[in-house]
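Here subunit A shows up in two complexes: once beside subunit B, once beside subunit C.
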Partner chain A sequence: MRLEHAALRALLPHRYPMLLLDRVEDVTPGESLTGVKAVSGCEPCYRGIAEGQPADRYAYPASLLIESFGQGAAVLWLLSRRAGTAGLPMFTAARDVALLRPVHPGDVIRHRVRLEQVVDGAAFASGSSWVGERRVAEFDSMMAVVRAVDAIVEPRDEREEPR
Partner chain B sequence: MSERDKHLEQLREIVAEVLEMEPEEVADTADFVEEYEADSLRAIEILARIEKTYKVEIPQAELNEMRSLKAVHEVVARYAGWQD
Partner chain C sequence: MTVAAPAFAPDRTPAQTYAEAAAPLPAVAWVEVAAGPRGGITLRAGTTVDPDDVYLTGHFPELTVYPGVFTLETLRQAVTAAVGHCAGRPPELHRLRSARFLAPLLAGDTLTVEASVGPVAQDQSFEVTARCVRGDGVRTATVRAVFRWPVEDGDDGR
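On to the complex of A and B.
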């Protein structure tokens, strides 16, 4: 099963600038998911960097890479639950994460996520992130718990878009 | 090493890993919450690792009981059918 961006927006509460997943290429509920995040030089994380900085100043931040993988795990978990189950996943812990190579603007990250275990409202995922044939990160254990939707999402008034 | 000791040492390692301590720092009867500042998320993580390691299912209601290594051992022994 493939999910385009609109379908991800319907599943995840995240929005700009924290919606860090562009597309899901393949998902097998209860098992695994391949998610895509394209990094561009327009990302807000590159705003305000002084001119003339070296290349490594534009490495994609580890925190955002981990969050992006976590959003893939969240989609996988959401699609793996029984229909009608309430609540949203909230990322709580990452264990044994290895960042192997920096990611730069122009790179397309593929997250390969496996759902390891679901225990009493908590889910555990593992996997790795790739740019082409190169592995850029490994995730031994990512944990999320389910929280009531109204505990996470502020009611939004669509007419008042921030400028 | 008796079966009971073996199980206790395995559980001590699981608990130590989740609480980010050395196994020898985890005392048998110390309260995870009071003495090691564990919270409910750590408790679920311990439970999840135990379920995965021993392929047992432990009801969430038992979480409240599992507050020390000794108590964890007792609960797991009950559900895993250990004769410790």
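On to the complex of A and C.
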């Protein structure tokens, strides 16, 4: 199954410029997914670079690469959830993520994502990101949950520092 | 242990750090650096979640939530400002050993990062252990990561 951008917008609550997945080339819901993210020099992450910086400073931010992979994992998971379970997907944990090579404007990233397990409403995914034949990142474990907006904006005066 | 590796050389403001490399947002407003054990350093850094930031308007339109990956971005910019460049290059996030995001950061929330950094290993890498706290004292994240300065002329495998 292939998902174009309109389908991703319908699945994910993220919007420009934080919707960091362009297309899903292939997905087996609940099992695996190959997602595509094309990096462009037009993205706002390049707007603040001072003139005259060397080429290596245009490496795509690791934070956005991890988020893009995570959105692929979210799509894979959300496709296998039953309809009507509203909320925002939240990235809650990661373990052993390796950034192996820089990605630059013009590169097309392919995320190969596997859904490892879903336990008590939390999804665990793993996989890798590629530019052509080169692996640019590895993800041993990424965990996400879906939280209702009301639960995210819960009252704070009852909270205590968990030290 | 004496290593033939670069020493930490804090010499940058957060604004300079933001302007020197691609970044989704200026993720640090202030940084304080102090000497740590064994040649390492400790840092404190902070920012405030700005709902008008261009990336945050898309995360999410219905509710501004500072993404977990932006906490990593705050840490990266704080580390870069705190340790300086080596051979003209800023440090990069090489390995995220673990990250746990424990509580949300919403519009107007302040984030304070407290981290121990280093010492520097022979391969120009260094460990960073950070705890992140919201303005009301709630811990929002813990992160263990390895940063490194890339060697000159690219160790990127190209």
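In this text, the second predicted complex is superposed on the first by the 142 of 163 C-alpha atoms of A that agree within 3 Å, B and C clash if a C-alpha of one lies under 4 Å from a C-alpha of the other, contacts with A are read in each partner's own complex, and residues count from 1 in each chain.
FYI, a residue touches a chain if its C-beta (ideal position, glycine included) is under 8 Å from a C-beta of that chain, and two chains touch if they have at least 3 such contacts.
Only a predicted model underlies this, so the values are computations on that prediction, with no experimental measurement involved.
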item: Clash-or-fit label for the pair subunit B, subunit C on subunit A; value: fit
item: First, second, both or neither for A:Gly52, with subunit B first and subunit C second; value: neither
item: Touching partner for A:Gln117 - first (subunit B), second (subunit C), both, neither; value: first
item: First (subunit B), second (subunit C), both or neither touched by A:Arg134; value: second
item: Partner chain(s) touched by A:Thr92 [first = subunit B, second = subunit C, both, neither]; value: both
item: Touching partner for A:Met18 - first (subunit B), second (subunit C), both, neither; value: second
item: Of subunit B and subunit C, the chain that contacts the larger number of subunit A residues; value: C
item: Subunit B and subunit C, minimum CA distance [Å, superposed model]; value: 7
item: Doubly contacted subunit A residues - partners subunit C and subunit B; value: 92-93
item: Contact set on subunit A toward subunit B in their complex; value: 92-93, 116-117, 119-122, 124, 143, 145
item: In the complex with subunit A, residue positions of subunit B that touch it; value: 41, 44-45, 47-48, 51-52, 60, 63
item: Touching residues (chain side subunit A, partner subunit C) in the complex; value: 13-19, 44-46, 48-50, 53-54, 56-64, 66-67, 70, 88, 90-102, 134, 149, 152-153, 156, 159-163
item: Partner subunit A, residues of subunit C touching it in the complex; value: 18-24, 26, 54-63, 65, 67-70, 72-73, 76, 88-90, 92-104, 106, 136-139, 150, 154, 156-158
